[in-house]
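Following are the structures in question.
Both of the next two complexes hold subunit A, though its partner changes from subunit B to subunit C.
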Partner chain A sequence: MTSGLRRVVGTVALVLVSFLITALILRVSGYSVGEVFSGVIQGAITATGASTSSIRWAIPLLLIALGVVVGFRAGFFNIGGQGQFYVGACSALAISLGWREGPAGLVVLCGTLAAMLAGVLWSLFPGWLRVRFGTDEVLTTLMMSFIGALVLQYLTAGPMRNPQGTGQTAASERIPETFRLTGGSGVSTTVLLLVAGVTVLVWLVLERTRFGLTMTLVGRNATMARWQGINVRRVGLGAFALSGALAGLAGAVELYGPAARLVTGFSPEVGFTAVVVALVGLLNVWGTVIAAVFFGGLQSAILFLPIVTDLPPPALVLLHGMVAFLVTIKFRAVRRRRAAQAEAPAG
Partner chain B sequence: MTAPSGPASAGAPAVHCRSLGVSFGAVRALHDVSLELAPGRIHALVGQNGAGKTTLAKVLGGLQVPDAGDVRIAGQEIPPGDVRAAKAAGLAMVHQHFSLPPSFTVAEALELTAARPGGHALYRRGDLHHRWQEDVAEIGGKATLSTRIRDLPVEARQSLEIVRALATEASVLLLDEPTALLTPTAADALFERLRRLRDSGVTVLVVLHKLREVAAVADTVSVLRDGELVLGPADMSDVSQGRLSDAIVGPGARDDTSVGVATAATGTRHTLLELAGVSSAESAFEPGLGDVDLRVESGEIVGIAGVEGNGQRSLVSVIAGLSLTEAGSVRIGETEVTDAAPARRRLLGLRLVPFDRNSEGVSQSAALWLNQAALRLLGRRRRGSPLISLRQFKRRATEEMDRWRVRYDTVTQPAESLSGGNIQRLILSRELAPGLEVLVAAQPTRGLDFAATEFVRRSLQGLRDAGAGVLLISSDLDELFELSDRLLVMYGGRIVGRFAGPYDRRSVGDAMTGAVR
Partner chain C sequence: MEQILATTLRSAAPLVLVAMAGVFAFRAGIFHLGLEGLMITGAFTTVAVGDTTGSVELGILAAIGVCLLLSALYWWVIGPLGANVIIAGLGLTSIGLGGTAYALGAIFDVRGSLFTDVVLPRPVRGIADGAGVIIAEHSIFVWITPVIVLAAWVVLRRSRFGLRLAAVGEYPFAARSAGVNPSMIRLQALLIAGALCALGGAELSVGALRNFTENMTNGRGFIAFVAVIFGAWHPIGAAFAGLFFGFADAIGIQSQINITERVPREFVLMIPFVLTIFAVWLGGLWRRRSLEAEAGYAELREPDF
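Now for the complex of A and B:
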């Protein structure tokens, strides 16, 4: 338990250090640090609609990050949430536009399931490569992400393009308003209940089912798991599938929530930030919830800051990057230590 | 192949070491080993696992700093642990495991590792091939200079290692268990090669496991046992195979060749585990099984003796379902499981104590309770809630671990915080829980101290007396003699001897070393 506490303190310290370094850089660049951070607080919490906006951004981060947590539990590092998120959103869009006349509840249900299925397929392919050939899933899931982004670009610029659209970036038609779960704010009781339910479900699966405990054994030492009669490949594929389903679900929630249509390259970093969210959340469900809210707030602040300061938005992306950087260093160090103990779960 | 340079000074031994001592913590790997090897001959070094052979080879090659003693190669004193000095004095080493980078071509690997004079920092492929043209012929087979190392068959890789070692004009060639991975035919070819080297003036020191091989190639033989030199170097013509077996296996061979066997109370017997004509593919470091017939009945301990690396791992893998059979059938109880998944075999009552308790037996970083509960995660529950009660899992784990007197603070601490003996108790508490029909115990007492060893042995006997079947794989002959109701000897993936107590240490030893086939 004390080692768990140490990890929490370590991670919080890490985030504080990131703030410190960012403050230093801003200071040296001639900005008023006090003003900037007061702007961050406003943009994330106190300004009108700021906390709603923080939650709105926390939702996709949380869903995708939960997928990262699931994958990691079984020893796999699914960083392809971005692509799985995109193909999920595209599938939900296809169902919704193709069946506009359908009963709203049914269409949304089908769209959501299709989104999850698409996410599953998008992550199962790298997963299969991993368990069958030992291909590094970090590379393959990342590459599948790029393909996912191109699929989105193709659909929004091609078959699903809104012919009436005048914007410079390609976008799809809007889905009927009746299909939407939230207004433009992206937050509603329905969505909050859905996300809370999914979070609890993921926690139950990880911590209170045989499958979850088996994943833990496989992730920590696949050799031992194999000797215990556990089908390591099947467990690995299950973890990849669940991981992808969560990212796909995030895509559907985005579409039926704030987006209502898909724009090429929307939320281009959410899938990657989610990896950092999961790591900052110590790959633990409740930690990830906290981290998602934190990064959601940061995202909201990034959008708000230009209003109150002369600070360009990328300056806060710096903070973001700093956290990611430090967390990754810490994570790699831990992972290398673990890799020395047990052989990689392949074949 | 370049001509080897002759011995540095006439009459000086090619290798001369005095009073070498090496300890790893409390373990004495070498103790007061003095050895003089005459130039231009093939010297064999033999001994059981852990006798100190590889340590001695490493000390000679400068890879291991001895705690005491000194080493001379061709009359030149080698500073302790100085690899370069050993090389400069003419010593070349071929290691037990291959050291060449698999993705390199033969020419690249040679250029990288052999350091023949005249190389350049930058090279053209053509030049490289020109430089190593003659050497590749030595490798034999279809190997060319542009073949990738990983595509070479095992024998060719071995040859290449030797070519590499000799490319630096070595006068002393040291090979650490070169035949471990070779087929008998390939081993014979290697021996022929060593003889030619000897005839051209090279001194060869070769670490071997099998007496048959020693007889085939060596001019002299030295025996290490428990880190001490107990025989030699003696001319092969002066040493009988029997004397050699005795020297390797230890005292007690001549006068009391029989060791008492614990007898089991047996009721009606039935077969719990049966292998019929099982063959399997060889793995990277072990021969596969060859036509293995084996049966374990209720209320008996069947011992498997053999020098390590003779198929014991293949045997356990095949029984556990971790590797596939090529022929034959495996049954657990009444059920044919030849193609069944590992989980099914576990559910039928197969329990395993794996070879390496730290990597195969437990998950080091996982909590004790999860390690303990691993087997209870198998199978699907059709009825009831899919959720499990952690409290129940932990309570059960606590009970089982307490029953087996595992010493721990909390059930949530990681397994790596336990000592070896305690980890083995944890494994036993999991594997020997109710539901067990047959136990396969692989080296269950290795590395354990006296008390823990006794505990494990008594546990196996307890199982047998309770009517279970035990297959015990061990490299400790005394343990096998004490516990086994029947003893099988493995050699080269086959069962080459079947014994019933009282055991004759010498004939078991002969079978283990391949002296009888």
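Now for the complex of A and C:
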């Protein structure tokens, strides 16, 4: 466990270094770091509604990041969470607007399942290319992510555009209030239970099932796993599917929770931040929960900051970039695993 | 039609410049996903320094300087410190996008756009009609882009550095046994890439336009990366891919103006990404055939073993 402890300490140290560098940049450009820090604490925890808002932003991060963790476990790098999240939200929206008069519970259930299915399809296509042809999944998931963003843009500006909508940004109509699982705060007992249930489920699948074990074996050494009689392709497809389903689910939760309608290019950073969250969480389910709450808090804080300081909000993007830039330093275990895998591609 | 061709050249020039950056990085075995970040940093620094000093040359020199510095940091992180190339590259992109938008607010106290009077010289001007429209009103960078592409080709194909680069990218083990230090070659390739990204960004902000806008690269760095893959990491191939994406962009802009157009703009914009998935798939099939390239493939993901 000492190596595990070393990884935790190393990651925390790297995150701290990223924060220090960003703080230095803020200091040099004339902001009072103390003021910003106290603003962040208020915006993330102490101000009215701040902790709720932190949880609200942590939820999509957590769900998408769990998908990244699942992919990584099997040795795959799904960085297309953003697109899977978008198509998931779009599918849920299509069901909800198309079947407005339906019984709320049933519509929400169908919408959520449709969102997960859309996420699965969006992730399974690159996954299939990967296990069948050895096509690099990093690039294909990224490309699918861009395509997903354009699908959202097309739908919100075209077929699903709210004809009564005013303003510059294209947005869809609102879903009926009865379909929503939360108010505008984005947090309710239902959603919290759902997310907690999903998290425990993912943990169970990864750590306590045969499928989870075979995924880990495939991720560690695909050739060895094949010799042991594991159907590497099927396990790979399963990992991609589960990963996409989680990101799609995040889309549905966003729609039925705080959003209620879709705006073109909403939450543009969430997919990438989720990858950072998963890495900071050391690709471990509970670590990811902690990291998601932490980054959710930062997101909440940056929305609050304009009240106390005139810090430009893109500072958060800068900070996320800094963490991503540094956090994988000496990420030896995964690096070795990936190198071993590239030498002997799955399939 | 002339207008579309002129727009094609204007849209393609920054893409091609950044694609050349991607080619150098790719040849060194690095999937450079930080191109977007370097490009927007170049665009911002040119405007910021150019507008403050009133000299576009100083602006471009400063942009190149900043991009070289960021590229060296990127090399340090993914090389000696062993960070993941993809994640650190995406991090670099976020640093560029977030950092420039932040600096816009923190230094110039504006949100959105920073307008400037400095602009790149435009050698051919004042042609209003006929085929001349195609070549008129382009900045000097549009004119030198073909020269840079040819130079990149000569360097990669005919120079000592180019051959070493190829060796490092394809089979670093062999390169090392031949007495070449792969890490240093990668550093040089990344520095060249950084400078080219600065030029591409500058063309975007003071060549085609006269302002810097938050997130103005709008995925162009990724499209340039795509052009590298689609052009089979050959400078000429990548340049033609960039030209094609510029054309797709021009049609997209045109169809936006012309509302009666049947094909929604978003579908036109999807073309590069769909083509890339296809190209990566095809490239993957190809690569499986040869053992040496397989080693290069491993190295592509993990440059420092």
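Rule of thumb we're sticking to: the second predicted complex is superposed on the first by the 332 of 347 C-alpha atoms of A that agree within 3 Å, B and C clash if a C-alpha of one lies under 4 Å from a C-alpha of the other, contacts with A are read in each partner's own complex, and residues count from 1 in each chain.
Following the convention adopted for this analysis, a contact is a pair of C-beta atoms (placed from the backbone, for glycine too) under 8 Å apart; a residue touches a chain by one contact, two chains touch by 3 or more.
Everything numeric in this text was worked out from a predicted model, so none of it was measured.
Novice: Once the structures are superposed on A, label A:N231 by its partner contacts, choosing first (subunit B), second (subunit C), both or neither.
Specialist: Only subunit B is touched by A:N231; subunit C is not.
Novice: Between subunit B and subunit C, which makes contact with more of the residues in subunit A?
Specialist: C
Novice: Now for A:A196: first (subunit B), second (subunit C), both, or neither, which partner does it touch?
Specialist: In the superposition, A:A196 touches no partner, neither subunit B nor subunit C.
Novice: Is A:G134 contacted by the first partner subunit B, the second partner subunit C, both or neither?
Specialist: The second partner, subunit C, only.
Novice: Of the partners subunit B and subunit C, which touch A:V17 in the superposed model: first, second, both, neither?
Specialist: After superposing on A, A:V17 lies clear of both subunit B and subunit C.
Novice: Which partner chains sit in contact with A:H320 here, subunit B, subunit C, both or neither? Use first/second/both/neither.
Specialist: A:H320 contacts subunit C only, not subunit B.
Novice: Identify the overlap between the subunit B-contacting and the subunit C-contacting residues of subunit A.
Specialist: 338, 342-343
Novice: Which residues, counting only subunit A, touch subunit B once they are in their complex?
Specialist: Counting only subunit A, the residues touching subunit B are 1, 204, 207-210, 213-214, 216-217, 220-221, 223-231, 338, 341-343.
Novice: For subunit A, which residues count as touching subunit C in their complex?
Specialist: Residue list for subunit A touching subunit C: 25, 29-31, 77, 79, 126, 129, 133-136, 138-140, 142-144, 146-147, 150-151, 153-154, 157-158, 269, 272, 275-276, 279, 310-312, 314-332, 334-335, 338-339, 342-343, 345.
Novice: Please output the residues of subunit B touching subunit A within their complex, sorted ascending.
Specialist: Checking each residue of subunit B against subunit A gives 320-322, 341-347, 352, 354, 359-366, 370, 373-375, 377-378, 381, 386-388, 390, 412, 416.
Novice: Using the touch definition from the top, list the residues of subunit C that touch subunit A in their complex.
Specialist: Spelled out, the residues of subunit C in touch with subunit A are 31, 33, 37, 74, 77, 81-84, 86-88, 90-107, 111, 214, 219, 222, 226, 229, 264, 266-267, 269-270, 273-274, 276-277, 280-281, 284-285, 288, 294, 297-298, 300-302, 305.
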